[in-house]
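This report concerns only the one structure given below.
Here the chain labels run A, B, C, D and E in written order, and each chain numbers its own residues starting at 1.
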């Protein structure tokens, strides 16, 4: 999940591999200067590379400092099977990794620590862990460990957030979870390094992050009570993994020192040491300038214009797997049945009204003015971070207030004094909530309100804090009837399947939208025939169009992630499928470059 | 007649109030001999304490003019360090409020020891403690060793006053200034303290300046009496003369206003008006003038001076010659005040 | 039946502190005293500090609650507690306080101060009230124009007279005067004492005069009670007490009074020496085991002394 | 005295209980709970609900409270949902940081207050006094957070003399000299910033106390004894004015609590104050409640310590 | 603590000495403030700020100020925007005025409310003493141990929607104890004064004595504490807003403006957003404190300047 405040997205593969998590609507702190580096003060994600230019020769060894940008300490649940916060995953990714890796389109490859084969029906996966993959204490990573991870997560006493649909899709998992079976019938250990998992349903999602690929060292955790593992010192103080570096020391919540793991299965890491420390978003620039950190996991885009010309760092950039959107409440959640119940008489039920509201907002300008072009007008609900599925030909809905007015007029929303009324002449007051967090959040929401007021809609804004926000839009199943429109953001997983957010039985379908067409497309998107990428692309193209037509929500902005890197760093990249791995990171000189 | 122990000449002490100086002690000339008790009486605010503080050099923010000869040396202009050699040794002081005059956070033993330490630094710790206990015994405290370790608030008023006296006499002073030492005490305790002072005087032959407003105490203790009014001495005489043949109108009025055991049930004499405050003192002419309005204005001197009407008996202003108590009609006048 | 009868009056104060205070021995401020006052007389209550004089006075007027015993005023029993509920009948007893500075509310004008009892007990129009206050002021010898002044604009004696004016506003019959002049200079003291006697004659007032100054008591009182540690040690007419003290404590008290006549010094010395010797020798005869006085025994019609067993 | 101390400690129990109920109720009244933030569409809502049931989040508050308080009495303050560790351990980690910070602040507070207060009180109405009084006026008026921000910017960012976050340099071994030095180095700037503001009341108090004591009769007694000015000051005035100050430090604890919340946030110093704020926003209730209780207990104990010290240094006071 | 018995003391506090109570308090207070130049200037400044803030905010178009203007984000001070604009292109000057008004309003409301409750509880508790006092003080003791800041933060979080009024109520709920304590101790002292006893013997009811006799004598101390509390409350409010637990951004407060300075870029290069607010807080607090201190001196005869 994401904490309110900064919208950092993970730049390295995360364990929350599937679908989406919410991000706050606006990114952290402010800034920009009167003298932007670019003439018009605008930038574009296209100007950034996600791979660091190598300048100079690598020296042997070396130590780098990684800045984990967070205004709170990291939690310290240092195990992929248990962690829940993004900061922890940042720490984890240095000393542990998944057994499977994926390519640019997030499909599993056979380059990782394990290889896989899929059966004809697409339901049975057989994995083989490479022989030289060993835990940092020297013990081999075994199929037994992998099974153990599944057993722990499936255990009813498990206290982490991982038990999700990927697990319930495993044959026998539900029985095991309910205590009806002692073992998970769908998982079989074939040999020390070979594991077979059988899934109930075959879907293309299985190939894109649908497999749980993080083993849990059974020789360490096997003896523990499942409920106590996450608090154990083996998770918190001397965590273990099989990644390129191993933990040397931890100052809880503040910093971690890693040393290289010479037995890393891909080869000996180039660096001797990595120091990770938490830095407050407010101090990033100062830390970068002075070489206090070599790289950071993310950089608030608002600060970019002021620092675009920092002499000692290079900014890498990539498109974030996230989008900001406006949601319209169209129904309610039926907790009993576990599905959405659309309300035909909902205030926002008229698609014309929704369309007009989309037409009324100038996201292009928002992106330019508030984010210097580093967030930009969004068109569809699948962001360009998934280039295969994002339909770049779909123009979405462009800013056109006149059109908006016209639509409203035609639909019978007549002006009565300052504002329009409902077609039946009753007063129309639209309640809009948006999340606090960061300096821009409020002005941004306020801007939308003004835009809507400009076309005669009486929209009332309420800024609420993260928890209230999700409470009220219905994250717990109780929709606040006083909310009509809300501004949210999702960070989407590596799998494009949007049914977790828009399916009729998804509680996170906050608009409570449902239609037969939607159901059909979503189902097809994960059906067997969708294994064919072309077919799947087409299905999602239709779905994106459907959403632009029906507008249960409309996307507002896509985002860029920026990652400044000290110029001495070599072989570094952000994003997926770059074929650059952390063990290759090297430095060209002993000390970081500092600002001139 | 031997040389005076303390000779005060033309002493004036002024306080600064709202950027102006006002004399609370105005041109006082006095002397105290060894083995003599000089009482200073007067109503509240007449400047008695101010005078005592001036002698001890304890004023921090007052302007003092005039000379004070102690044992023949002028101590009015002494540097603080020189003065400190005298204070607590050759001359010491007893205060009116025995609670606030003691440091609440120090045991009384330590407070007595301090004054010994300051003037007899060579004494060992133990000797000092012994001496302190001895002093406590001397001032009549029943269990001195026990009292030594008490804090002031744990003692009764009379006990505290004894501790103060013990401090004052610790180094055998030649001059003791007692500023209303018994005002805060019950009659029986007052008697004990007075007896103690008397005994001390008999033992050490010290000169004592006894400040009080109680004429009873004065007649019990004093050899000579100085009566103060509005910062000035108005009459000085030996005690017998003063009680029987007082001349100054103020002294006579004071004596008349005490309800004495003798004539009961009669009306008491009342001095008209009120003591003027420091800022409102009449600086010209006779200061008592306004309080005896039935006496002809011309009876007062313009610049009242002290007249020696008998050896050792001095009276200020010649109005004493014309003074009489008012008759009933004149008394009526005063009944309704402006 | 006497004007005021005090019978076996006890006032104990709980001795406690904190929340879960364990009750310890109470402070027996007044521990069984007994006396009568006749109308028009002045009764003096004398004793050393802490002997319970003030507490007695306050108990009679109702400021302290009575632990046991009774106070009967003109044949009616006074109960302690809420003063105002006993209404009219309380107005016959008033009090003059020791400190003329703290007994007048510094934030109130003379008019408000003196009219306070009038407002509580009598319904007067504003102009009537003003007239009454002016009249009272004149009675105590202050100019009627003073009504708009504040207490601090008066001298101690004048303030005390304002206090008296307030006390007599309701034409009380009994006035309890707790050390009315001890905060005042001698000359002012005389003024107040004279005045108290004047109004006594004028209104046929009865005084309960509390003081530790024997000179004043002798000057003012017809009857005197001597208190020691909450009990009486001796009671009698002024002459009984001063000319024929019987209890050793009384003797000691009287001998301790400084004499204004310096020629009698030697005489006094001797006398005191005698008393002291007697006190030391005979202490046990006069006080019980606990150091408290015995119950009073009459030795003449007017004279009572606390003696063990005897007559 | 030990009886009174014991009694005070006994009184503390219902106070703490009451406090715990209050905090608990408030925590429950907050919108959302620990799981609200855990929005992950792939997680089966049923699993979430199961978690809630397991954590007892669906029980009525009094049941939850009872469960919690019975555990708490046994020293188990529950698990932090977010940190996945026992609250006691979690707070244990952070507490030391806050304790060190507070201690450093206290020490600095007195280091600044005593000389300034003494100078100002002793030489009142001189230019030095006016200077110090001026400082106290401004310090009294300046909100801590503004001042701390400026300090951070000037000495942290602009000059770069001090670290701008964390409590210790990564990689230093606990127990080594570097470790201790690094700890001190990290808490110096926050502590100075806080001390410069909090000390103001102490300076003012000391000053007026000294001026007050100077006018006391027993000071005149001391002069009349022949004590030199220096002795009068050291022996009587200072002693009598400083002792109450010494006893104040218990109360200072209460003041520091508020201060650390600001300071730790501004200086990104991982202590309890920072933990409190982040736990509030993440609805990590067990941590919030425990922290409030801990601070509550700290202020009670602080007050108790003050009362005890005061009764020791001032014989006139008997604690009730 | 025991006090020396002062039975005879004819000598102390005689006619000539300073009366221990002020001659009509208001006059003294006024005289003292006028005499103390700094306090006088502070008072004038305060009046000016209050008048102008409330005055200007009447004519200011609040909607206009909080509305976002995409084309004038983060502009430095200019003719049009006297103090520049912020991230939303909103006029900082306008926000400053409204923020000051909000902060002042909160401060004043909280001060008045805490004052009312504190005086009431303190007066009743101190005047009656005994059991009433015991119960009240246990209650106050309980509130005293609360880590106020934390509780207020928790409370603000628990109340999802708050206005100036509800926010003031929350703050009041946890801030009245100090005054109650002070007033109680003063009332305890005051009720021992003879004039209170006198009133009782004169038949005045307890209520009347409390309100008519005792209260006026506490007025100066109440005014002094309230003044100093006002500063403290404004400080607390802006502190809470700074931490993000005060008002929502649409209701500007001085603390919110200062909190922009947590961003080093703003701190360094966009002073107009945070500096005026910071200075204003500082100067406001300074002035209020100055006035408060002068009042304090005025009520304490010993410290009076002349």
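One rule holds for everything that comes next: a contact is a pair of C-beta atoms (placed from the backbone, for glycine too) under 8 Å apart; a residue touches a chain by one contact, two chains touch by 3 or more.
Molecules present, by chain and UniProt name: B = Oligopeptide/dipeptide ABC transporter ATP-binding protein; C = Oligopeptide/dipeptide transporter; D, E = Peptide/nickel transport system permease protein.
Computed from a predicted structure; not experimentally measured.
S.K.: When every step has to jump to a touching chain, what is the lowest number of steps that links chain A to chain E?
M.R.: 1
S.K.: What pair of chains has the most C-beta pairs in contact?
M.R.: Comparing chain pairs, contacts are most numerous for A-D.
S.K.: How many angstrom lie between the CA centroids of chain B and chain E, rounded to a whole number?
M.R.: Comparing mean C-alpha positions, chain E is 49 Å from chain B.
S.K.: Would you mind pulling out the distance in Å between where the CA atoms of chain B average out and where those of chain D do?
M.R.: 54
S.K.: Using mean CA coordinates as chain centres, what's the chain D-chain E distance in Å?
M.R.: 23
S.K.: Starting from the mean Cα coordinates of chain A and chain D, work out the distance between those two points in Å.
M.R.: 39
S.K.: In chain B, what residues contact two or more other chains?
M.R.: Residues 43-44, 97, 100, 153, 157, 186, 213, 274-275.
S.K.: Could you say which residues in chain C touch two or more other chains, in rising order?
M.R.: If we look for residues of chain C contacting two or more partner chains, we find 19, 49, 155, 185-186, 188-189, 212-213.
S.K.: For chain E, which residues are shared contacts with two or more other chains?
M.R.: If we look for residues of chain E contacting two or more partner chains, we find 1-2, 5, 7-10, 12, 14-15, 157, 160, 262, 264.
S.K.: Spell out the residues on chain A that touch chain D in their complex, using ranges where they run on.
M.R.: Touching chain D from chain A are residues 1-4, 16, 18-22, 65, 71-73, 75-77, 82, 84-85, 156, 159-161, 163-166, 168, 230-231, 235-236, 248-249, 251-257, 275-280, 282-283, 286-287, 290, 338, 465-468, 470-472, 475-477, 493, 500-501, 506-508.
S.K.: Sort out for me which residues of chain C touch chain B in the complex.
M.R.: 48-49, 138, 141-143, 155, 157-158, 185-191, 193-194, 197, 212-216, 218-220, 238, 242, 252-253, 255-263, 265, 268, 272
S.K.: In their complex, what parts of chain E are in touch with chain D?
M.R.: 1-2, 141-142, 144-151, 153-155, 157-160, 231, 235, 238-239, 242-243, 258, 261-262, 264, 267-268, 278, 281-283, 285-286, 288-290, 293, 302
S.K.: Which of the residues in chain D end up touching chain A in this complex?
M.R.: Listed in rising order, the residues are 30-33, 36-47, 50-51, 54, 79, 82-86, 89, 93-94, 156-157, 160, 164-168, 170-171, 173, 268, 270, 274-275, 278, 281-283.
S.K.: How about chain D: which of its residues touch chain B in the complex?
M.R.: So the residues of chain D touching chain B come out as 216-218, 220-229, 231, 235-236, 239-240, 243, 313-316.
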